[in-house]
Every structure is written in structure tokens, then in C-alpha cells.
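Please see the structure below; I have some questions.
The letters A, B, C and D name the chains in turn, as written, and every chain counts its residues from 1.
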Amino acid sequence: MILANLFLTAALAAPPGDFTVTSPPHSDGLNLQLSWTDPGGTGFAVLRKDAQGTYQLSSILPAGSESYNDKVTTDPRKDPPRESYTYRVATLDADSALPPLADDDDDAAAANQARYVAELFDRSANLSPEVTASPVASWLNTSPGHLLLLLLIASVGGLIYWFTDQARKGSEIFIRRIPGIDAIEEGIGRATEMGKPVLYVPGIDELQDIQTIASMLILGQVAKTVAEYQSEIIVSCCIPIVREVADEVVKAGFYQAGHPDAYHPGNTRFISSEQFAFCAGTNGIMLREKPATNIYLGRFFAESLILAETGYINRSIQIAGTAEATQLPFFVAACDYTLIGEELFAVSAYLSRDPRLVSSLKASDYVKVFCVACVLLGTALASIGNPIMIDLFTIGE
Amino acid sequence: MLDLLIKFQDMDRRWVFLGMGFAILLPMLANITFGFEVDERVQALYDEVEALPAGSTVLLSADFDPASRPELDPFFRAHLHHLFRKDVKVVMVTLWEFAPPLILPTTEEIAGKHGKEYGTDWAFLGYKPGKELAIKAIGENIPKTFPKDSRGNVTTALPVMQGMKQAKDFAMLMSVSAGFPGTREYVLQIQGQYNLKMGSSCTAVSAPDYIPFYKAGQLFGLAGGMPGSAQYEKLVFPDGPPTSGPAKGERLLATQAINVLNLGHLFIIALIVLGNIAFFITRRIEDQG
Amino acid sequence: MKRTVPLVVTFLVGMFMIGEFFIPHHLYRVWTAEFLVWGLILAAAAFVLGLINLIQVNLPKVLRKEPDWGYKLIMLLALAGTLVAGFAGGQDRQTPGTVYQWIFDYVFVPLNATMFALLAFYIASAAFRAFRARNLDATVLLAAAILVMLARVPIGESLPFIGDYLPRLMNWIMDVPNIAARRAIFIGAALGAVATGLRVILGLERSHLGD
Amino acid sequence: MTALTTIELVGCWISLALTICILSFLYEDNPVYKLAEHLFLGVSIAISVVEIYYGVMKPNLIEPLLGGELLSLVPLVLVVMLFFKLHRKLSYLARVPIAFIVAAYAGVKLTGEANANLMTQVAQSMPNLSQLWADHGIWDWSADGAGVFSGIALVLGLSACLLHFYFSAPHKKAMKYVSRFGILTLMLSFGASFGYTVMGRISLAIGRAQEMMGLDKAPAVAEQVHPKTATVLLTIAVIGFLVVWKKRQKTA
């Protein structure tokens, strides 16, 4: 009773104003956008229900919030979105109930939530009116940023075909020398002369990473060259699926070079999927099997320097390449040649000398110049107060 | 001479390792100290604690884990000494699951040295899951959020909790924070709302993110990373490791670590500089000869 | 067949996944998300192949008592022991007091941390060897490194005259030239990624398909 | 303070011993390091297998299959095809799951990289120079050198670095200077990040050293472990072993 009196005296109940719910543009059909004006609460509780159900707590927001993007379902396959949803937002103040705490027990957590919602409804003066809206799913994101990106990707693809066609008609594609890539072939030659193996490390990231994929493609060329020289290659892998792909790639390389029998599956090795254990195991290969050339191409993290320094004691030729900006300084310091960023992605095309692949380098050069032009133009426009280029390149969700 | 210079440039890297090993071990074994200056943010933090009247009560949220311990534990220890020395009462909570085994023994030890009683001079209310929601709940009603303390006592029955219902009832809120949830969430969820007096000690990684809070006056002070902890140690123990009094035996690990960092950096810089001098002299001699 | 089927799979799956970015509809994204889960399952299943590879490489060495066979045996025993401890522990394997957790705390953690800590030594030897002012590029590299190293520690700030400016200069290098170079690397790498992705999906690169 | 169990005590000592074994690698490759290395390999592989099973295989494949979810048969088939790698004649079947996984990730990363690393980075690299002029002038020491100069330096440095990667033209004439400027910017960045990382790396070693001296433990725990004694004894043992091993190697 005393508590109830306290509520009456202390609570300055005010619901959120101008409450609206809309389906956001370019939506996956699982989101609704809520907005309201802040009457000066200490926070907000968002409540949602579908046509059949009762109100559930969707989220608690800090003071000053005036909008919220609500996800209506997290697993659309098992729990497809309903036709429409109804919302209310409660203003919280000093007298509001405490937010429900998480509980390991699902039933207890649900009970906490239900109690909380009931307490919010006890003070209905703080509740906004009900608003109902339907989520709308879109089949194509037509925001300018998405269209520009689509255009860029399509133009890389288009330019590849255009330049390939040009090359077929006899015009040669010039590619400048990239010393780091030339060094790969020299390194293989040196290993052959010394009668020692080549060590290839395709980074430590999953196959998900495009650098790992690029590294696999390069490995194909490298394995072929190694097989032609009748030398030996050890591939040290951190991720099992990468080993399986690498195995396939090296086998194919030896096959293409006409020496399928020279391929040893035991030389493409899974070491350990733990970063530093992999590093210890690869160190072991360097120190005990003494490769003459170490090639590190792919995505590396802190182990980069441990590998490169161990390789240095061995006096191996070391060629590294990664687009991981944080590790480039260490490779630059400890290796003989370092391929920086984009150069990594150019290696397989450069080594193959296949016009179809080489043309992709020229295609991305064109897009590169376009980007530089956009940066310069965008800076000029931004400086006179026109952010159009910034907006064009900004991709919202 | 030339031979020696060439040899130095190509010296076995194990000499470098040995030197580095010494640079790391020496400040930990012997008393090698480099002076360092106290940052304005740490000074402000210290001054604010120093100005607390005896008998006031602070709320301390210790949110770190073993990985961030080297950076934050030295601050935590020095801060407890500072508070207990000033006869300030401490109520401690944590939002990090793995924090209690780190912070509770430390607090028991330091409170014991200062002769502080559990319940009247300090209390540990325990770990609360729920992240931001827990912070919001702490802002609104502490006895309701922590009905019992870590020892199973009823929170409202603790003498130290008398008159302490919400975060704003405390003289200040100190967040020792290794990341999420931590200082940022305290500031966003409850600092502004209740206009709390709040300070923070954080890791070097998150310091740049929290400096704007300091500049905006939301934090009265900020000790960032190992240097921040070392500076706070210097302010609390200006005469170096205490040899008497309740803090006797305190090792000032951050100050020690700062010396290691200083010496390690100097060692590497010296190597580079010497290597280059040797390189230039040999090149000049070779050019002439 | 052996060649065509993988190429067709590559093209269809690749194109479908590119669409993920441009088609927000949840009926589409349910499937792209499902595909990625299948990828995860494949990557996880490959651990079995990884284990087989490991045993194929190491067990014969142990049986034939080749050099270092004793270490290989220790590795295989450690592997088997930890596997048993992990699977016997089941869902509760990570509670304090279990064998699995003991191995994790007292074997895995110190080995991992110490291997990582070797970097403190290697960073010194790499700096000593590589940072020689051989030409302009190397001089810029080493000057930037020394400046930042000095500015990072308290002793740099207490240097006369330049002490006040060191941290600011460091911040400037980190915020301006460093960001410029990094962004260029990111943008270049993204372009390379687009070209590489297209080469794979269009079937121009097929060395991973045994071709 | 609770007393440590014998198992925990032994664990603390083993952990110190393994730390010293790994550090002995700084001298050179040797039997104690090899021992630690192979132990590390075995344990780490087993831990990843266990965690992958409980983290991926069980919730994503085994439980849905047992729950009768028919869609999970597709990844199961892919997995079986992958395992045909072990079959001499049918190993080509594995190319289908490999094609699937490579294409799926190539497709999704192609747009992902282009969005995060191309569009976003370009969008962030168009400073408003007049705003910078109004806020900071040419160069503002109090704001770490912010100002028009830095804005222009950022844009030009970025452009030069990017053009340095231009492959299909010789780096001659103007291109030569642009490329030089790009390389110098890259070197400045690499040197700076190298220097910036040193502190973190030394801190790692501090952490190890603190454990070896027992500084990471509460004094009451450290008293039971005697870490300093253990460290000294174990170090002497390892060094002694290395001396004997070296001598034997020489005589052999």
C-alpha cells in the first residue's frame, strides 16, 4: 500500500510521443523500424506481440533512445515471420520495475520476463499506444552503394572478358615485373640445385578467407614448377580442410608437369589447428628437414615473425606475401622478398601467364584508377560541403 | 677494428636474446628504476580519491580476467591500499564471471593488512550476469540486484550497506575494466543518468576509446594500461615499494613492468643505433679502401 | 563428368553466394546461411582426414624407429590421451577438476603463452638485423620504428626538447601515413579479392579442382 | 586460503618446466624443446578436435540428423564425398565438396571484402578540407597534427600507395615518382607499426617472467608452489641437460 502511494506521488508518467512502426527499406522482411520522441525517461522497454500472442519484452534501451530496429524472428526457417506485429513502448523512470535478469533456466527467465511485462502494464500511463505494422521483404537492394558495388564487380568481370578477347586477337597485355614473384621461381631453382625441399605455408586462416583461396591457386603453379624441376615440396597446413585442398592442388600440379608418381601425399601435412602449436611444428620442419626456400603466402597473424626468424637461422631464401597489414612489417623485416596486399592476389595470374588470368590484373587496375579518381573528386566535393561521393560509397545495412 | 665492426653487425642472434632476457629480468630482480611523469588523467583520478572524507563509501566494480591481470591488478591493489589507508569503505561487485577468484583473495589480503572488518569496512557482493541489464539494475537498486553478498549474508543487513541503495548513494564509482561489459557500459547506462562521480582504470587497448569520456567530464580520471597503473602506484607509494606499514611487501608490479618496457625498448633502440653506426663506419672504410 | 560437375557446382554456388549481398529477402538469405553452415560442417569433418594424415605421416616413423621416433610417439600418446579425456568429459569437460581442464591449464596454456612470448626476443633480433639505413626506404622504415618505440614508453616523454612532441608525432604517423598505407593495402587487397573470386567462380582458375 | 591439491601443485611445476623447455629453443633446437613441441602438437590437435566436435559437428550435423531433419542429409553426403579422397579410384568425388566450399566462400568473401575493404575505406578517405581548415588550420600540434596538411597527405599518400600496385604499366616517368612516394608511405607505416607492436610483445614476456617468479599468484598460493625455487631448479636441470647433450653430440 505504501509502495503504491509512492508510485502515485513520485512517478511522472509520460508515454513516448509520436510512436511509429515502419518496415525499413531494402529489408530482409525480418525487421521493423520503431521510432518515437523521448519524454525524458531513464530508459525504454520495447514490447511486441503477433496477431495471436501476448506482449513479450523485445528490448530495453538506455535513456535518450528514440529509435529501435526490431528483429521479429531469429530463425526464419523454423519460426517464419508473421503477417504483422503490434508494438508498444514503455517509458521507464525511477519507479519502474527492475529489468528481468538472465537466468540459466529458460522457464525461470521466461517467468522473469512475464512478471516484468505485467509490472510495466500496471503503470499503463507510461505506455505508448499500440501500433501495428507488417514487415516487407525486398528482392533487390537498390541503394546507390549496393548498385555501385554491383557495377564495380560486373565491370571487373566484363573487363576480364574484354581484355581476354583483345589478347586472343593478338594485342599483348603488358604486366610489369614483380621481383617478389620472380623470386619464387628462383627459389625453387635454388632448392633443386641444393637438393633440398621447398616449404610452402598457406597462412593459418580458414578456407573462408580469400587470401587462403588465393594461396591455394598459387600453390598449384608452384607445385607444377617444383615438379618440372623434379624437386620436392612440403606444404605445412594449419587447417585440415586447407590441407585437403592443398593435397588436391599439389597432386594436380605434379600430374600436369608429367610426374604424377613423384607426388608424396605425406609431404602435404596437417600440423595443428592451434596457432602457436602450428608455429612450433612448422619450426620443426624448418630445422630438421632444412628446406632451401620458404614461401609464406596467405593470411598470417602473430606467428609470422617466429616463422620468418626461424627460417632465417636456416639461411633459407624467404618469400612472403599477405594482405594482413599488421604482419607486413615483420615479413618486410625478416624475409628476402615480401608481396604486399594486392600483389598476393596477382601471383597465380602472373605465374600462369595465361592471358585469361593476366587480363584480370589489368581489369582490377582500371577499377583501381577509378577508385583513386573517386577519392580525389570526393575530397574536392566534400571540401566544398558536398558529401555526395561519401554517401555513394557508404553502404548501410 | 673493421673486423670487430663487421662481426658486431653479423653477431649471433643469441647474444641479442641474452641481452633481451637481461632487459626483462633485471628490473624484476634488481631495483632499476627510470623516472616517469604522471599523466594529467591519472593525477586527476588520484586527487579525487585523495579528497574523499574518511568514512565515506565507494562502489568498486572490478571487471577483469586472468589475461588482463598484469595490466589491471597493480592498479586494483594500489587503489585498495589507497582507499583503506584513507579509511574509506569499499563495496565491490563484478560483472565478469572469472573475476571473483582473482579479486576476492587480493581484497581479503589487503583489507586484512589494514585491519579492516568484512561487513563494516568492506563487502563483496559477488558476480552478477546480465551485462548492461545488471549495470542498469545496480544503478537503480543494489540490494534488489544483490539480495545476498558473496558470503551469503543479507545485503541490507551489512553495516557497510546502510543508506546505500543505489549507485548514486556512493561517494564514487570506480570501474576497473578490461572490456565489455565495463567502463563504457557504466558510463552509457547509469553515469549520465544519475550524474555519478566515476573513475576508471582500463587496458591499453581500450584507453583511446575512453579518453573522450574523460574529456567530456563523465570520468573524473582515467588510468590506461600498464603506464596508467604504474603512475597510480607512484602516486600512492611515492617512496617506492613500502618497507613498513600495512602495505609492507607490496611489489609495485606495474612500476616494475614499466621499467622492463623502458629497458626493453631502449635495448632494441640501442641495438639498431649501434648496428647502424657500425654499418656506416664499415661502409666508409670499405669505400676508402 | 569428372571435370564438368565441379565446374558447374563452382559457378552455381559462387553466383548464388554473390547474390547474398544484393538480395536481402529472407527466403534467399536462409539458403545462403545454410550453405555457409554446410561449409563449416565440411571444414569440421576434414579434421578426421587431418587426423588420418597425421597418423599416416607419423605412425610409420614410430614403427620403423626412424630418427625422432620417440617424440612422434609422445605426440601420438598426448593426442590420444587428451582426446579420451575430452570425450570422456563430454559436455562438462571444462569444469574445474577434470583431467581435460587440467591438461588445458597446466600444459596447453603455458606452452601456448611461452611460444607467443618468444616474440619478445625475435622482435629484437629482427629489428637489429633488418633496420640498417642501406637506402632511403630502409632509413624511413627504421626512423619511423625508432620514433614510435621512443614515444611509446615513458622514458621518451621525459627527453628534453622533443619529449613533448614525440607522442604527438607518433599519433600523427599512426593516424595519417599509417592509415593511408593501410587503406591502400585494404583497397588493393579487396580489388585482388574481387578478381580472384571472379576467376574462381568463372572457372578460369581450377587448380583446386585437380585440373 | 584453501590449500592446493597435489595434482594442482604438480600442474604448476609442470607448467613452469614446459615454459623453460620452450625458452631453451632460443639457444637452439634441442631434445627438451622437441619434447615440449611434440607434447604441444598432440595436446593442441586433440583439443581442437574435441572443441570442433562439440562446437560444430554435434549441434550442426549430428543433432539435426538425429532429430530427423532431412536437409542435413545434404551436408552429410558432401562429407561422405570428401572422405572418398582416401579411396584410390574414386578420389575425384571429393572435388565436388571442395568445389562447393571454395566457391561458396569465394562468392561470399568477394562481396564481403569489396564492401568492408573497398567501399568503406574509400568512403572514409574523403576529408572535408575546409572543415579541417576551420577547426585546425594547416597543422595543429594540440590535436596531434590534424589540419589541412594531414588531410591532403592522407589523400595523396593513399592514392600513391594504390597506384604503386598498378600492374599493367611500366613504372616510368611520372608513375615512377608516384610509386616512389607510395613506397615511402608504406615504409613509414611498416616502421611505425613495427615500433608500436614492440610494447605488446615485451609485455608477453613480462607475463611469463611473472609466472616464473610466482608474481602472478596470490602470495598464499605462491607460498605453496615455491615458484622461484622451482624455476631455478628446473632451469639448472635444463641447462645441465643441454651441456651433457652438447658434449655427447661433439664426441659422437
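By definition in this document, contacts are C-beta pairs under 8 Å (C-beta built on N, C-alpha and C of every residue); 3 or more make two chains touch, one makes a residue touch a chain.
The model shown is predicted, which means the values in this text are computed figures rather than measured ones.
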Chain of greatest Cα-centre distance to subunit A: B
Selected interface, C-D versus A-B, where C-beta contact pairs are more numerous: C-D
Between subunit B and subunit C, centroid-to-centroid distance (C-alpha), Å: 31
Centroid distance [mean C-alpha coordinates] between subunit D and subunit C, Å: 5
Euclidean distance of C-alpha centroids - subunit A vs subunit C, Å: 13
Sequence positions of subunit A contacting 2 or more other chains: 149, 152-153, 207-208, 210, 213, 216, 241, 244-245, 248, 273-274, 276-277, 280, 288, 309, 325, 328, 330, 332-333, 340-342, 346, 361, 368, 371
Shared interface positions of subunit D, touching two or more other chains: 22, 25-26, 34, 37, 40-41, 43-45, 47-48, 82, 85, 95, 98, 101-102, 105-106, 109-111, 113-115, 118, 122, 125, 155, 158, 162, 165, 186, 189-191, 193-194, 197-199, 202, 205, 207
Residues of subunit B engaged with two or more neighbouring chains: 13, 17, 20-21, 24, 261, 264-265, 268
Chain contact topology (line, ring, star, complete or other): complete
Contacting residues of subunit D [partner subunit C, same complex]: 7, 11-12, 14-16, 18-19, 22-23, 25-26, 34-50, 52-54, 56-57, 60-61, 71, 74-75, 78-79, 82-83, 85-86, 92, 95-118, 121-122, 124-125, 141, 144-145, 150, 153-158, 160-162, 164-165, 182-199, 201-202, 204-205, 207-208, 211
Subunit A-touching residues of subunit D, taken from the complex the two chains share: 22, 25, 29, 34, 37, 40-41, 43-45, 47-48, 82, 85, 94-95, 98, 101-102, 105-106, 109-111, 113-115, 118-120, 122-123, 125-131, 151, 155, 158-159, 162-163, 165-171, 186, 189-191, 193-194, 197
Interfacial residue positions of subunit C with respect to subunit D in the complex: 2, 5-7, 9-18, 20-22, 32, 34-52, 54, 68, 71-72, 74-83, 86-87, 91, 93, 100, 102-121, 123, 127, 136-138, 140-149, 152-153, 165, 168-191, 193-194, 196-198, 200-201, 208-210
In the complex with subunit D, residue positions of subunit A that touch it: 145, 148-149, 152-153, 173-176, 178, 207-210, 213, 216, 241, 244-245, 247-248, 271-274, 276-277, 280-281, 283-284, 287-288, 325-326, 328-330, 332-333, 340-343, 346, 361-362, 365, 368-369, 371-372, 374-376, 378-379, 381-385, 387, 389-390, 393-395
Sites on subunit B touched by subunit D in the complex: 14, 17, 20-21, 24-25, 28, 69-71, 105-106, 109, 204, 226, 249, 251, 253, 257, 260-261, 264-265, 268
